[in-house]
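You will see chain A twice below: alongside chain B first, and alongside chain C after that.
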Partner chain A sequence: MQLNSTEDSRPNGVAIATNGEHNGFSRRLTDEEFDRYSRQMIVPGMGREAQLRLINSKVLIIGGGGLGCPAAQYVAGAGVGTIGIIDGDVVEPSNLHRQVGHATSRIGMKKVDSLITHLRDLNPLPTYTPYTYPISPENAADIISQYDLVLDCTDNPATRYLISDVCVLLCKPLVSAASIQKSGQLIVLNCPPTPQGKVDKKYPPCYRCCFRKPPPANTQLSCGEAGIMGPVVGLMGVAQAGEAIKILASALHLPSSIPSNPEDDPHNLIQPTLLIYSYDLTAAPGPFTFRALKMAPRKKNCFACGENSPQTLTLEGVKSGNPNYIQFCGIQTPKIVLPEQDRITASAYHAARQNGQLQNHILLDTREKEHFSFGSIDGAVNVPFGKLLMKAATIKRHGGDAEEILPVEISEDQKDVPPIFVVCRRGLDSQEAVEKLKELGVDRGGKRKIVDIIGGMKAWKEEVDPSFPFI
Partner chain B sequence: MAPEIETMPIWVDFAGGLQTLFSNKPNHMISLPIFNPSDFSPANVGFLISHLVKNHLKHPQTEFFVQEDGHLTPGILVLINDVDWELEGEEEYELKPGDNVIFVSTMHGG
Partner chain C sequence: MTTPKPPPGHFTILYFASATSFTAKNVESLPAPLSLKKLFDVLEERYKGIKDSVLDHSLVTINLAYVDIPEEGEEDVIIKEGDEVAIIPPVSSG
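== the complex of A and B ==
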């Protein structure tokens, strides 16, 4: 699809969506559609017209993972007529506990192809469009412009800002969800879709209105690092499908659905609800399991949708790298890099052990105890990184024997100062741990070596023990 | 004898993972002095944040909650009585007894 100037492309994108709506309305439901969708069509508020709206709608699901799988299942099941799915990843075994649209037999396949295989089996009627590469500033507008509504099922802040910006520019509603470890969040944005720069009344916010700045890179966690419970992310994905179906069935995705006085909007999306789900493995469901938080409407000073936003954000700009999303969200860089003499490769450490150079030494493993429980290097003692930092902070504040951080008895004999090796998951925390231990004087003024194992247990698996169960 | 400092109850909740910084407890009843002792101004959300950091933030990785300048780390949403704090004046909002302040860290995983 061709995108002209910013001004032209907005009505363009909308025109594609509304054409379908007009053409598809005069027809009857086929027998197959009638059978398949009967149980949802008889729900009060649905009916034939709402079902035809779903059939004539086009939904783009960005991300075919933990959110995208359940979202796509319900969007497809409900009979949305055109479903695009975009993701560049392939199915891995570690996905399957939560990404239930894939299958063991499809490990190694592109996620998009795997998920569409599953969806076709569930409902062959929709048109499925695969995009087997990641969404990017270059391709985002071309793809998003072909759809009525977008589900953000991605896993990183840079992509989330990109998707929201392009949805604002193309006047598309966005259903955004995210999940990590034991929490999930969900919000409907830019719905009813409102042109950029329109702030004369109260209008719905975009992602940037709600989350103006991303968290600093060193505080961002991924599911790979922090873990994720399947039902938590699954629930958020299902809720995304629920919101999408609601918006399409009631035609709220059309720009014409902006009420003349949005403040009286009965759907109340002008101040959308941020749903927060907190899941606790040790507590019964309580009053704080779900929280519905009322967000502010569109912000006048928003970079993407506010008063002066047509000067700050354009489709041409996005395409040519402005704003720079990667820079805006901070690149994940190691905080410190130790000098070479304080580091050793996993293979060199292993060799030194094998040939007897390391009779007496301490091996600290700073991974979380859940990770440690699956396996460790012989003789390693587990001091989780958070605990180590906490002990270090206490000693710094209140004093005390820094060597108590070490979980092993050290003889008072000054000659016996065994070196310390520190290993973590991927080699970042261990460097910080080495630095902390030195700061506290555990190196006894340089008499004791404290060494980081480069690349952590990941390197150990790659260089020394391929059978090691690395998580 | 030190004069008794008058306090008010404030309900503080943490979500989205922030609770791990506060003794792993999502819900706290905080007895907050009704005046900021440094300048005797009425206690506002800015004062609540510094009070939380001083008295309740047990985790060493404080950068997950506040930046070095004492302001909240970007990416944390604050809701005062379930309403976005930007509608309420952010740090300047003067707290009343029984107010509920929620800190939610933005999630990005999926």
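== the complex of A and C ==
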């Protein structure tokens, strides 16, 4: 399509402004830009100026996975001029159901390179900057400082706190999203960007203002462990791009948008909002729910942005390991380790079954029923770990026969047969289950052996049955 | 909102993410009025261990607005009949 442009177009298609100003905000759009962005530019509130702001903006997308892929697509499609993507992972087959910026043909490629390949095909106009390594306290400030706005598309609490802290220190707005299983969260933080320590009026919160401390390490689950529905994380990523485009197009990311008298400034009216999306609220008639929750402003006593924060959080500190994000978020260690005599390796258990030493025993599998549905050891009975804990708590509180904790599939006479073996996914829950069963007295004062299978079904696959469908 | 009204003398409590997994519920009704300071104790009584595993790092909303859990000596908030309380643990994955 040819446009009747009055621009002085060069043969390579790059138009130059005719009014003498070469500043990016007063130039005309090139024919290609005009064509490409026409549908969004005519939306009320957009127009030429807003589009030029997008073109002159720099966005950093941290994480090229389930959130980063959809977010990057729309940020690139909208014409944001410079897009940095940081991720150290490579594309795996298990990513593809949700990470729509990758492809089967690019399995094994660095995610950043794969995603940029996809984005260039979508829109070749932006400048794409790859960072093919993970973000860290050492490199975070150097990278983030080169951008106007940051999207947190990462997958663990330590990185989330790091990114939020550095965005506060560098005065960058942060669009943060997260998702697991069937729920997602989205929140815009530190926008309009406000200097650290300013608390005289109402200012936008940071991640720590909303979530003061991380969940205990043993309750933090990754998508690999807990699972994730593609559309849920996709929706959150798309919404992140939506917020980013809105902020950039309306210049809310610029330091000049920090109001000198916040109460007079319309920017200050932005209500910090946490969007929660979840699939199945059983009491609701619909299949999904959106909730927009009003969040509180910046907290006076916040470690990162509050009144005394310049003493507790600095760029130099972050770079040299203070705070220690890994320690703050806990290191994944097994909570308990059972004594040797209460444990058996998967291969020893298998051997004992094979040579007839274990003709009569109970085998409890404490994985979730979805995991169990793909396969289990012959004769295993499924008691999902959460249910086991709930049952144990009820028996403890209200009394009752401790052996009722054993699933109903186990017949009465079978219940009398020692011993009990417990297996889980990777060998952590099973140890806690053994401990719980003993606590309740299911071991009959030591007369019945209750044994943990070391390393769970993962070990079973590695040591006994390589064809076992382990997820 | 789409959740049905709680029975008379009750408020609705919604559980999200790990709070759902811990309680094995998305929603239930609890007797109102209830002091916000006592909310965590009431939940701990019902779901042993929920305080350490979920509540301590979750944010709480009443009628879709964030509330701080009042500490010792701070003014309390009363959860009233018909209110909607939500327990929202942070989600970290992506």
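Quick note on the criterion: the second predicted complex is superposed on the first by the 420 of 471 C-alpha atoms of A that agree within 3 Å, B and C clash if a C-alpha of one lies under 4 Å from a C-alpha of the other, contacts with A are read in each partner's own complex, and residues count from 1 in each chain.
Note that in this section contacts are C-beta pairs under 8 Å (C-beta built on N, C-alpha and C of every residue); 3 or more make two chains touch, one makes a residue touch a chain.
Only a predicted model underlies this, so the values are computations on that prediction, with no experimental measurement involved.
Look at chain A after the overlay: chain B and chain C clash there.
Look at A:Pro214: by the touch rule set out above, it reaches both chain B and chain C.
Look at A:Ile276: by the touch rule set out above, it reaches both chain B and chain C. Once chain A of one complex is fitted onto chain A of the other, the partner contacts of A:Ser183 extend to both chain B and chain C.
Contacts of A:Ser222 after superposition on the shared chain: both chain B and chain C are touched.
By the touch criterion defined above, A:Cys305 reaches neither chain B nor chain C.
When both complexes are overlaid on chain A, the residue A:Val464 reaches neither chain B nor chain C.
Of the two partner chains, chain C is the only one that A:Thr289 touches; chain B does not reach it. In the superposition on chain A, the residues of chain A contacting both chain B and chain C are 63, 65-68, 153-157, 160, 177-181, 183-185, 210-216, 219-223, 226, 228, 233, 274, 276, 278, 280, 291-296, 386, 389-390, 393. The touching residues of chain A, counted against chain C in their complex, run 63, 65-68, 153-157, 160, 177-181, 183-185, 210-216, 219-223, 226, 228, 233, 236-237, 274, 276, 278, 280-286, 289, 291-296, 386-387, 389-390, 393, 396-397. By the touch criterion given at the top, residues 63, 65-68, 153-157, 160, 177-185, 210-216, 218-223, 226, 228, 233, 274, 276, 278, 280, 288, 291-296, 299, 386, 389-390, 392-393 of chain A touch chain B in their complex. Chain B meets chain A in the complex at residues 13, 15-17, 26-27, 58-61, 63-64, 73-77, 79, 82-84, 86-87, 102, 104-110. Those residues of chain C whose C-beta lies close enough to touch chain A in the complex are 1-4, 14, 16-18, 20-22, 24, 26-27, 47-49, 52-54, 56-57, 59, 61, 64-66, 68, 86, 88-94.
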